[in-house]
Amino acid sequence: MSYILEPSLILENTSTGNELLDRYITVRNRSKQICAPLQTEDYVVQPVADVSPPKWHLGHTTWFFETFILKPNVIGYQDFNAEYNYVFNSYYESVGVRVIRTNRGNLSRPTVQDIYAYRDYVDAAMENLLRCEVSAELHELLVLGFYHEEQHQELLWTDIKYILGHNPLLPAYAENYPGKNSMPKNDAVFIPIKSGLYEIGHQGEGFYFDNELGRHAVYLPDFEISSEPVTNQEYLEFIQDGGYQNFRFWHAEGWDWVKNNEIKAPLYWHFIDGEWCNYTLGGIKKIDLQEPVCHVSYYEASAYASWKGLRLPTEFEWEVASEKLNWGSVWEWTNSAYLPYPGFVTAPGAIGEYNGKFMVNQMVLRGASVVTSPNHSRKTYRNFFQTSARWQYIGIRLAK
Amino acid sequence: MSYILEPSLILENTSTGNELLDRYITVRNRSKQICAPLQTEDYVVQPVADVSPPKWHLGHTTWFFETFILKPNVIGYQDFNAEYNYVFNSYYESVGVRVIRTNRGNLSRPTVQDIYAYRDYVDAAMENLLRCEVSAELHELLVLGFYHEEQHQELLWTDIKYILGHNPLLPAYAENYPGKNSMPKNDAVFIPIKSGLYEIGHQGEGFYFDNELGRHAVYLPDFEISSEPVTNQEYLEFIQDGGYQNFRFWHAEGWDWVKNNEIKAPLYWHFIDGEWCNYTLGGIKKIDLQEPVCHVSYYEASAYASWKGLRLPTEFEWEVASEKLNWGSVWEWTNSAYLPYPGFVTAPGAIGEYNGKFMVNQMVLRGASVVTSPNHSRKTYRNFFQTSARWQYIGIRLAK
Amino acid sequence: MSYILEPSLILENTSTGNELLDRYITVRNRSKQICAPLQTEDYVVQPVADVSPPKWHLGHTTWFFETFILKPNVIGYQDFNAEYNYVFNSYYESVGVRVIRTNRGNLSRPTVQDIYAYRDYVDAAMENLLRCEVSAELHELLVLGFYHEEQHQELLWTDIKYILGHNPLLPAYAENYPGKNSMPKNDAVFIPIKSGLYEIGHQGEGFYFDNELGRHAVYLPDFEISSEPVTNQEYLEFIQDGGYQNFRFWHAEGWDWVKNNEIKAPLYWHFIDGEWCNYTLGGIKKIDLQEPVCHVSYYEASAYASWKGLRLPTEFEWEVASEKLNWGSVWEWTNSAYLPYPGFVTAPGAIGEYNGKFMVNQMVLRGASVVTSPNHSRKTYRNFFQTSARWQYIGIRLAK
Amino acid sequence: MSYILEPSLILENTSTGNELLDRYITVRNRSKQICAPLQTEDYVVQPVADVSPPKWHLGHTTWFFETFILKPNVIGYQDFNAEYNYVFNSYYESVGVRVIRTNRGNLSRPTVQDIYAYRDYVDAAMENLLRCEVSAELHELLVLGFYHEEQHQELLWTDIKYILGHNPLLPAYAENYPGKNSMPKNDAVFIPIKSGLYEIGHQGEGFYFDNELGRHAVYLPDFEISSEPVTNQEYLEFIQDGGYQNFRFWHAEGWDWVKNNEIKAPLYWHFIDGEWCNYTLGGIKKIDLQEPVCHVSYYEASAYASWKGLRLPTEFEWEVASEKLNWGSVWEWTNSAYLPYPGFVTAPGAIGEYNGKFMVNQMVLRGASVVTSPNHSRKTYRNFFQTSARWQYIGIRLAK
């Protein structure tokens, strides 16, 4: 039912052994830093199927290194615990039975302490390995493991926010948190782009996911795209104009979603004592009207655009215009379905197993958010979610 | 949850008054002819939400003419029954409350006889009206009403097949039925098409739906497309090779669908006494191996292509190659999501209310089937269904 | 999920061959008379799982005679249609696969005409058989068949009422209908009954179901029981006093039922233009305040009693007091669970298969209603339904 | 949907102030001792709706003393945290909004440490209060609070067993645990009891729940009852004889339950390497054939009895025979529905709110189990559960 960030083919092969070790340590520490302010109990729960318990993310990313790197490459390597494959496998059907996703929140064991011990055990073995020379193939797998963990770091942020933001006590995560000090605001202008044949997809050096591969030409007619994402103030006008009560702005499926779930505002918004507030990782606050609206579904993004008499950009328009846009605080829904680029090919084996398996009934998001890991911001990056997803940091940009 | 063919803007305005009357009579008679072999009881039931009772189709298409043509244009027109608006409205939220779709099969009244009386009543008033001169605007609405009813005629075929084909007695509809004598078969060859900028969308005279509008350039790389749809024999090899048991060929969502619904073959296929048979409108028959495979979901089409190491064409590839293809016995899943063409605009008012409302989480089908109404076959026609839909006459064409 | 009246052991053996034939004809005709005012379409639908299509009742009762009497007793008997066993078996797991109950409303075939032909065919064979002498064993089975069909006749009434009463056109069944002319009303008084040891259960001649068997002593303390069932007027006071809004009167499970189903009044009640009306088999009418309240669940009956500061009688209190009570227009919920009497034994074979299988999570009803068949009114008769059932003619009597 | 032990009227008033204080400390410590072997994570999860997280039990029992004793009786008492009422209220609708039961497992906050601090805070205030003289009314409430917490202690045992016993690692709770050293076994004999009028219900001094009140005469015919509960060995014969595959032994509702849930053995039984094992609080062990069978539903108990050609006793038979029975290791399903005794009256106010609210669709259990708190074993005690409940320590006794 939902999206899991799964790794795919990588093509980066320039860092040296020492750089790899440093990078390993950096990536692995970052996951722990994200979790540092949590109470033990916060690591355990799974309020909805889309949200995984933080301890599961910590175990799953560790399991990845153990399964795909240590076991095949370290002679005599002993599993930390043979049963963990059963617990921390996510969707790799070729590697063994996995715990059904909705049950993750029922597991009190392994404990948080067990999982940190598991991390230490695997980290020690990995660091040992990385002190030796690594083959090109192993190098690739390692970099994939880094990106995999960095993707789960974004999910750690969003899942922690969901867990705390749906607790009746609405506890703050910390005084400082991503997005606390928002970016300087500019006035939105519509940027005109000329029609023509444009090249789309990854090019050149550096890491990329296979869904970005297959650079290809796309013809675009003239269009204009807003320089800024839609703000809370602009979205509030939609709410106040009865946007959630008027079926005309909505897809049929979106309208059903609004009614069945009694949606009246973005996720985390609360109307308290006559004022709109929202839950942030710093606790409940009054809405900041200048901030980009965040935590909206594709249905809401599309309805907002329809109410404005405008539309969402396609992912191609976004990529072509990207250098002229102010982006990076929220992911942005595009009006492109998540489908393969021409020439897309599934990689063989367990790692490549799932490259194309999510390419149905999901929409592409472009950009990045305040909780996106550093290496995951680039203009060709294709993020994707189901149309009802709201727990990610997702906003809206308009085109015409 | 599912697709309803809903009318949209039309642009055809050349027939004269007499021609309109003739055409009205022809269209309206055709619906009755389709239902002629039915027993009264067959008109009533709704085995699943996607399938509407035939009597509902007969009433709904009549209600369309009464609501959008007679009431606004005939002074002093008396409703046949004021409560029918409640019963026969489908998805036109702006016209009034509608009967929830899954409840249609619980309605024993109005009876089939009542509905035929309703048709006669409306037909008399319409024929009266059509003997006078009609305005251009009314002309458009009329033509729209014809196309609307013709779309429901295809649904009548598919819904009747579902109702009879899911009855434990598996009764035949009639000795003769659409698709009984299949088209002459040719050997499939892959037709190469050169890369280039192609014009996509409707052009010139004749009726078209607004989703075909906005003729625009699309750049296509080199590709090849099969001249023929996939046959039962070819699909049987996929079944016999364990295609339904191997997750590698499937989207994650498709694999869940296979397992949750215990899918083992296309809809209407039965394995009887060691042989594959399928239900046809003529009753249960042995599979005709030369026929195009039919009644498959998008998941199955996509998994079959993956098993073959090939892919489905995009809707643009299909349109560009269409004149070289043998098509028309089955609709064909493309690998294009149903999304607006550049410049798509929603028409105002109740008629235009839903033009774009289905443009989410559905895939485009191209071509036509043996039960498609005569005016609904053209190379720019965009049909669309949800990825699990199988009760339509849908097959597979491969590309690479 | 729901209750089906299923036959059980009988002990009546006094009628002669001719009497049996006469009775057979009478019983069989009565089912047809009940259905005479229906349109063909009314025979087909199943709006909820509890309600079976009338044509199913007609087929099932016929199937009973064919399966249990003709096939084992008439040499060379030819099935009318071998597939009907699949369609018309209800819950007799030992006789073969049955159509899952919620699917009955999806079956357009066999048609109503087919089923009447089936009845004629079986009736001819039965009448032939009944012109010969019948064994004691066969005699018993025959009488069981009569009672079985008579039980389904009550269900025919309640299911027809549900089908028509849930159609948006609210069509009347007929000008005259059971309960149209209500019984003369008496003022309710509380009748005191002395404590003591009372005999409970069937005694003596005549037909009875095995759940009435095992006449046994029950000690009752002093109690008082109302001479009359609760009226619409009395129940309206409960509604107007906020009875449906106050959890204090309800079982926890009942309160969940009220909230989940948004219950605000008995089934078939509608608040129209400021007045309470209810659907009757004669169409929509203003509430008759003197009538016994009808179509209430056990939860409602119990909540009403709690609101009054009183209670429902046990089935034993009811039976002991029965001769002093005015009863027969509505079944009455008792506060006794449906459990076996001491010494209850399950009969062997298919007929006896289900004697005790419903004795869990259902409550006993005593009395009879205006749609109860003539032979099904006696003071020891134990009717039973699940606590949420409302489509039967069920009311309330109070005790203290 | 399920049963919560809720307090009701008590009548015990003999202990002095010091005794009350001692008893308070003893009861409160016992809850902590039960939880002592848990990891923090074990306190948090709720694998199914029936099972509450241990931290919730610890909070809820504390909330009870704070809400019903401290707030009304201690002038100037300050809530530990005003929001806890929202979190720890269970079903007391008159005291405020409650957290919906199935969501308890999504709450990471308040943490376990917070809840222990809450307990300490309330305990200090309570101990202060108990050093003064208490009124008779307060005395009653106190004793009720003790019994309430003791009831939750049994749930703590059963919920902890469920949480650990459904973890894929199947961790043991502790080396020593209730029921580890089973009772000496005797051969089962059927004890005959003479017919007659027997007094049922509580009599005399001591605490009792209001559902035991209303001592009254019940007439019982002759019966025999087994001196011992059914053993694992006896139950294994039922399994091996195909008991779970034969519908004849089951209620219709029970048979649906078996099929829908694929039930093949009691809860916690696993067939491992050709042998039946079961999860105990000491970990996975081979079945002890001499032990009473445990963790069976009413459906299973009833099917077993039916397979034996016997029946379950009524709660009255059990109570009359109780002094001759070996009981106390498992609760025992009776064939009596949980209904009020004659003269049962609901107490006013929040405490009495729920006295009778569970008296529908549940069955009475008699006896006690190895995890029952010391004061909760007496021959008149009426325990009750829904017919599908298996996570309690429940077994079977036969009668005829």
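Per-chain numbering from 1; labels A, B, C and D assigned in written order.
Here is the rule we use: a residue touches a chain if its C-beta (ideal position, glycine included) is under 8 Å from a C-beta of that chain, and two chains touch if they have at least 3 such contacts.
Here the structure is a predicted model, which means the values were calculated and not measured.
Student: Among the remaining chains, which ones contact both chain A and chain D?
Tutor: none
Student: Let me have the rounded angstrom distance from the C-alpha centre of chain A over to the C-alpha centre of chain B, please.
Tutor: The computed centroid separation for chain A versus chain B comes out at 37 Å.
Student: Report the inter-chain centroid distance for chain B and chain D in whole angstrom, where each centroid is the mean of the CA atoms.
Tutor: Centre-to-centre distance between chain B and chain D: 58 Å.
Student: CA centre of chain B versus CA centre of chain C: separation in Å?
Tutor: That pair's centroid distance is 45 Å.
Student: Among all residues of chain B, which ones touch two or more of the remaining chains?
Tutor: In chain B, no residue touches two or more other chains.
Student: Every pair of chains that touch: which are they?
Tutor: So the chains that touch one another pair up as A-B, A-D, B-C, C-D.
Student: Can you tell me which positions in chain A touch chain D when the two form their complex?
Tutor: Touching chain D: residues 39-47, 55, 83, 86-87, 99, 103, 105-112, 163-164, 166-169, 171 of chain A.
Student: For a test of understanding, state which residues of chain D touch chain C in their complex under the given definition.
Tutor: Touch residues, chain D against chain C: 1, 91, 93-94, 197, 216-219, 221, 223, 247-248, 250-255, 298-299, 302, 306, 311, 335-337, 339-340, 342-343, 346, 353-354, 356-361, 387.
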